[in-house]
Structures are given as C-alpha cells and as structure tokens.
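Data first, discussion second: the structure below is written as structure tokens.
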Amino acid sequence: MGGIKVLENLKKEVFKANLDLVKHNLVVLTWGNVSGIDREKGLIVIKPSGVSYDKMKASDMVVVDLEGNIVEGDLRPSSDTPTHIELYKKYLDIGGVVHTHSSFATSWAQAKRDIPSYGTTHADTFYGPVPCTRSLNSEEIKNEYEKNTGLVIIETLTDRKIEELSVPGIIIASHGPFAWGESPSKAVLNAVVLEEVAKMAMRTENLNSEITPIPSELQDKHYFRKHGTNAYYGQDSIKIK
Amino acid sequence: MGGIKVLENLKKEVFKANLDLVKHNLVVLTWGNVSGIDREKGLIVIKPSGVSYDKMKASDMVVVDLEGNIVEGDLRPSSDTPTHIELYKKYLDIGGVVHTHSSFATSWAQAKRDIPSYGTTHADTFYGPVPCTRSLNSEEIKNEYEKNTGLVIIETLTDRKIEELSVPGIIIASHGPFAWGESPSKAVLNAVVLEEVAKMAMRTENLNSEITPIPSELQDKHYFRKHGTNAYYGQDSIKIK
Amino acid sequence: MGGIKVLENLKKEVFKANLDLVKHNLVVLTWGNVSGIDREKGLIVIKPSGVSYDKMKASDMVVVDLEGNIVEGDLRPSSDTPTHIELYKKYLDIGGVVHTHSSFATSWAQAKRDIPSYGTTHADTFYGPVPCTRSLNSEEIKNEYEKNTGLVIIETLTDRKIEELSVPGIIIASHGPFAWGESPSKAVLNAVVLEEVAKMAMRTENLNSEITPIPSELQDKHYFRKHGTNAYYGQDSIKIK
Amino acid sequence: MGGIKVLENLKKEVFKANLDLVKHNLVVLTWGNVSGIDREKGLIVIKPSGVSYDKMKASDMVVVDLEGNIVEGDLRPSSDTPTHIELYKKYLDIGGVVHTHSSFATSWAQAKRDIPSYGTTHADTFYGPVPCTRSLNSEEIKNEYEKNTGLVIIETLTDRKIEELSVPGIIIASHGPFAWGESPSKAVLNAVVLEEVAKMAMRTENLNSEITPIPSELQDKHYFRKHGTNAYYGQDSIKIK
C-alpha cells in the first residue's frame, strides 16, 4: 500500500513537471517529456507518447521498469523512454530526466556545437560548456535508436570526464536537449536554464565574434556559490557529491 | 438533413482550426485562413475574407464549390480561395488547407530559399526540405493570381517528385507558407511545425554557417517513427499511403 | 451639444486606439501615442504625456487645436503633439496618427535605412519601401524639434513623390516609426503592419544577403487587391483617392 | 512606531518592485533582485535569496544595515546584497537598486561591450552609452566577489566621469546588468529601458554594421526633454542634480 502511494506521488510530481515545461515555454504541441524514478522499486514514471498537454491527467503517466516493460498505465510511454532508461541505469544520483525541442538549445544541437560558457548565468548551473554529442552512425540510427541516444550521452560525458550533476544537460547532434537532476522538478529547472543560456550565447556571439569563454575562476566562483558545502545562494544549499 | 449536418460539423471544425492559428501565434491581424473539404459533396468550407478573429463565428464560414461559386454564406470567402481549390482538386487525400503569414516561414519565403532539414524536429513532419516555389511571372501575377499560386505549388511538388502528405507544406516565393493535411486540424499542426522549423533553421545557420542537412538515415528514422505502418510515436499511428 | 458629442466619441476612439497599441505589443512603459482629428472643428484629440496605460481613462485624452493650444483636458498632451499637428495640417485625408518605439521598426530607424518591400505582407499595406527620413540637423534639433520632426516627414514624402495614404508610415532616423490612416484605428493597424514587415525584412536579409525587393507587378497586385476601386480583399474595399 | 511604519512601506515597495521585474519579463526563475534604502535609518530592504516569485510575500523582504548585518527577516538576503550596499554607500541620491539577468542586456555583458546610444529611446534615459565594466581579476573573484562587483561599478563610473543618475545602469562583464534610480520603482523602469535598448542596439548593428552613435545634439535634446529644469515630457519633470 505504502509502495503504491509512493508511485502515486511520483506520478503527480512527473505530471506537474511536464506541465511546467509548458509554463516555461519549452514545448510546442506535444514535444517534450519528463520522467522520474523510484530508486527503491526501480520503476520509472514517464509521460505518455504524443498526448496533448491540456488533456493530460496525472493518471495518464505510464510506469515502466528498467527494461522498458510497461508495469502500469493504459497508454504507450514516450517514444524516448529507452533514452531515459539508459541515463537512470548509468547515473544513480539522478531522479528526473527531461527532453525538449526548446528552440535555442535545439538550434545549437542542429548546428552541432557545444554551448560555450560565456557568463555567470551559465556558470551558476553548468560547470563548463554544455556538450554536443557526436552524430549517431547509420547502424545506431537504424536499430535501437532511442537507446543509442542514451548511450551517446553517456559516451560524451565519459569521454570528457564530466560528472553528471555538475553539467546536468546535453544537446544531441541534429536533435535537441536532454537535461536531468536530482528530481523531476530540478531536471525541469535545468532545462529552463539550458534554453536561456543557449539563447544568450547565440546573441553574445552575434555581438562579439571574438568572444572567449569565461575564465575558470569565475566559473568556479559562480558554480560553487550555488553548489557544494560552501554554497551561499538560496535558502539552503544544493549538495554535490 | 444528414448532409447539412456534415457541413455544420465541418464549419465548426474549420472555425476552430482558424482560431487555433491565433492560439499558436501564427497570425497577425486578420492574416491567415483555414479551409476544409467535404469530399462526398465536393464542397469547401473556408474563412471569410478580412474578418477579425475575435468577432468571427462558426456560422460566418463560407461554403464554396470546386469552381469557386458561393453555395452558402453571407460573407465573401477568403481571397485565397482559388489557391485552396487548386490544391483540393489535385490532391485527393488532403482534407484541410492553411495559409498564414507566420513570421519565420514568411521570412524564408521572402528570402526565396527552401528550408533545409537540419534536425529531427523537421524530419518528424517533413520528409526532406520544405520547398520554396519559383516566383510567378508577370502574366501569372496579373491574371488569376490566386489560382496561379495554387498551380505553382503543384508544379513545385510535381517537379521535385514530392508526395503531398510526406511534405505537407511549402513556401511561396515573396509571399508566405501554405500547409495542408488530412483534416483542417492536421493542416494547422503542420503549419505550426513549419513555423517552428523555419525559426530554428535560421538560428542554426547563424550558429554554424557550414552546417549541412541531416543524413537520409536520420530523416528516414524520424519520419517513419511517426508515419506509416511501422510508426511507434503517439497513441495511434498516422497512416501514409 | 452635438459638437461635444462628436468629441466625446473621438476621445473614446483615440483612447481605445491607444490601448490597442498595448494589445498589439507595440509599446513598452508609456512610450507611444495615438491621436485623432475632428476635421470640422479643426480639433485634435491626443494621449496625455507620460501617463501609464493601465491607469489612463478616456476622459484623460487632451483636446488641442491646430496651433497646439490646449482646448480641453487637465493633463499635458503628448510631447510629440507638434509632429502630429504638422501631419494633420499637410495631409487633409488622414484622420489618425500613431507614434511608437516598436522594437523592429525602431531598429531600422536607428540603422537609418528604408525598409525594403520584400514580400506581399509589405505590399498589401505599403506601396513601396517604408522610407527613413534624413537626420535632423543641429538647428532643427535645438529649436522646435517635434515640429521639425513633422516637417522632415513631409519633406521625405514630398521629395519621393509619395502619396500619404499609399505609404501610411515612415521611420525617423535615430528615432522610430510614425504611422497614419483615415482614422485612429486604421493608423494603429498600419503601425502593426509596419512593425511586422520591419521584423520580417530583417530576417529576410539574415537568410539571404543578396535578396532584392519584389517586382512592381507583385507590388501592384497586392496593393490593389486591398485598395482602390478594384479591391477584392475583405468585406468592403478601402477606397484610395 | 513611525519608524517601523516607514520600513513596512519600504518592504511593500520593494516587494512590488520585485514583482514588476516579472511583469516586465526581466526574470527567469528566481534570477534578479530589487532593493530600496531608508536613508534616515541607514537600512536596506532587499529580496531574499533564491525564493520563487510566486510564493514570495512582502514580509519575506530582508532588512540589512550598511555593513550587511541582518536587522530583520527570517530569510537569507540576496547573495548580491554586498553589491547593492557598495552602491548605496557611494551614491547618496539613489534610493533603489536592481539586478537582473535580462536576456539582451546580459548578452551585451557577456560580449563585454558598452551598449552604444543608437537612438532617442536610449537617449531619453541614458546620457551616453551604457558602460560595460572591466572583468574582475582572480583576486577580486575569489574574495569578496559581490563587494568587488560593486566596487568595479563605481570604478567604471568614476573613470568615465559619469554622474550616477544620468546613466542609471551598467553591465558587468560576463555577468549582467545593474540599474538604479531615486526609488526602487524608478530603478525597475531603468532596468526595463536598459533591456529594451540592448535589444534594439543589437538589431541596429545587424541591420547596419557601419552605424555610429547619435550626435550629441540629439542626445542632449532627448535627455533634457525628460530630465532637469527644462523637462517637458510627462505630467511632472524629473529633477536632476
């Protein structure tokens, strides 16, 4: 009974996080999805595929296990579910994952470029540039495409020696952004910041084509103002491992 | 009686689709129009010309036949009616047509350039670039201009061997976008996507002037994720012929 | 009595037209003003200077004569009143004048460039490019600046042989747009179109730096679809002289 | 008692000014803060750190003295409080300070460029370009970062011989804008104008890469139309010292 209750709460949280995508202007039509995980049960709650945001109910959220089997729910889960699963399996400290086609982050993804850290807005949330993955090859596209999308995210973070919570977002070449966090709502906040820094980075380059990323001291200062044991922004600090 | 009932429903559907243009920020002032067709009766329901969206009623929708004669309605139909008619006559599987001056798609039309497929957002809806028609010549502009606008759309799709439902939109050189679909509401959705991909494609080029269109594998993967017998996006699949 | 009634109606019309500037996102803070004229009485109704749009009432509108004397009203009229007066004195067929600092039109004004006619959206309302005035000289700036702003508008239209209602708007170098029309509400519509074509023209050049203005046949076709004795757009035609 | 009353009113004013940042689209998430000062008591009222705008109450405002000690309030004050304090200590005629990460002003800050005065919208509020500070050095970033942010603002105004109320805003290199004014609400208005002129200046350069700042006569005319003893904009004049 208590177990079911936990999932009910997670469904509500994931439902609300999906609506927050709309509130923050990150979605057009039905694009975008948020999931959350119950680590004890090993179950993921995720938005159903292609359902209109204004008709969606908390009870429409779909429950899947870490192999992608539908455990509960009448609707088909988001087609991006296998990507979410790979991230949850690899990164044990994340509790929520977001995917959107938000306009500026997607434009950087389509341009196949990392988003450089040009200012403190970026540095407050992302410890260094937001990486753009390599393009998937023909084989990766044809078979298990969504799973391979998850794997290329992991490959990118691994190759660049990035801790997942210090850079809680990425852009997939020719596709769009994924973001994550300790919870579904924090993942949404990170997706909001990702879109905003993508927008400002484009305009920064438009204003000064010679601009270079901020120095490491400023990156450190702003990131650790908000994260870790010496954080002093907000009413409580966000601990990083 | 049943016949009239069908048209009443179509009027409501076309009316709602016109309001959806406003909801999706695709129109300024009275620009833009949606039509729908009753294939059995061979009758088209279309927005009246130059009527303000906030005063328009479902009963203001105008019914015309495929020769452009007004069959029902007190108002003059959209001045673009002859363009809609050409499309309905040529493409028997479309049920709705939309015309807007949405800002980014119109900017590409004014730039007289195809909108390249730079990412999966584009590939999900348009199987290849959104074509820009050639400019109309003096004679085509002076006589039967709106009809000739329809004919140049058909010419463009024909010359490029494009099936109308696999690329459900186009931009008219120096003018703006048309979109279509199996129904008026689907035509509106396609117009929404067209504007969004037009916006992101411009930004993509601004971020990387060397960028090239996505490879055909990725185009195929995303298009057929949403269309055809193997579609697995959404709660049901959209069949393509 | 009837005379007073006419001015009360004009006050309401001018008040509503001012609020429409806000509705159409043409104003920031208190920037922007609309006036209307009662030709029989030779009296102008105009927005008070620097008053917040959400506190403004119809009764706050100020009545001035064609010499700029306040005839009615407790508030100071818009500081741009002398510009409006010059336009009303010169152009007897205009009934409303609008000034805004709308973002894209002002950017063209600051760039000191005419807005070229790149498409039918432009051609529907403006018969040719929207001209940018020359810069005022030191003397014109120091003394009777607002009156001289009106005079440089007239100089520009005269030098370029433009009929005022065929190009119902202009941009003042380093300043921003003025628009006008047969009535205050039509002047507002023209200001809306001016902002929209300014936005799309900038994006058109961004997408194709080699683009040239539309040919005269297309300009003629679209302008005369909406204006003059052969107009066929809308439910009634707008007569041009 | 009267003393407490004054602070209660200032809390309400500062609270409202913070909400006005949201209303004017200057903030994303919890970014941005407004403070006000009671000069008699030497006490500053400022937004709490990292609190969501839609949950914030007037009673959440924090009172600090000019050494940064919390005098009243249960929440931690904005992490930018030391910057505000430096400005209040140096400039005795300012009554409110605003910090935002508004998108266009921040993009100029990230591009490390002054915002040139390209038009009368700029000249109405800022007497000359909006300066961008130098970058802070490593030492200034590591220790007392927020205080040093205040000091580099002062250094910039001093070096350029700028009176604080004639250019009531600045952008911090790689960070974002600060604005100020005689009161919290006037500081917010100046932040709104700063964002708007930042937006239009970028577009002006995009439209004309050769454009130069406006001549001093036009700068003088517009600034003194709104400020000083000869002002004639609005219903009363804003006195400058």
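Read from first to last, the chains carry the letters A, B, C and D; within each, the first residue is number 1.
Methods note: a contact is a pair of C-beta atoms (placed from the backbone, for glycine too) under 8 Å apart; a residue touches a chain by one contact, two chains touch by 3 or more.
Quick caveat, the model's predicted, so the values are computed rather than measured.
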| item | value |
| --- | --- |
| From chain D, the most remote chain by mean C-alpha position | B |
| Self-contact between copies chain A and chain B, residue sets same or different by half | different |
| Centre distance in Å when chain A and chain C are each reduced to the mean of their C-alpha atoms | 47 |
| Centre-to-centre distance between chain C and chain B (centres being mean Cα positions), rounded to whole Å | 33 |
| Touching two or more other chains - residue numbers and ranges from chain D | 206 |
| Contact set on chain B toward chain A in their complex | 118-121, 189, 192-193, 196, 199-201, 203-204, 206-208, 211, 214-215, 217-218, 221, 225, 232-235 |
| Touching residues on chain A, where the partner in the complex is chain B | 28-31, 48-51, 75-76, 79, 101, 103-104, 106-113, 135-136, 138, 141-142, 145, 174-176, 202, 205-206 |
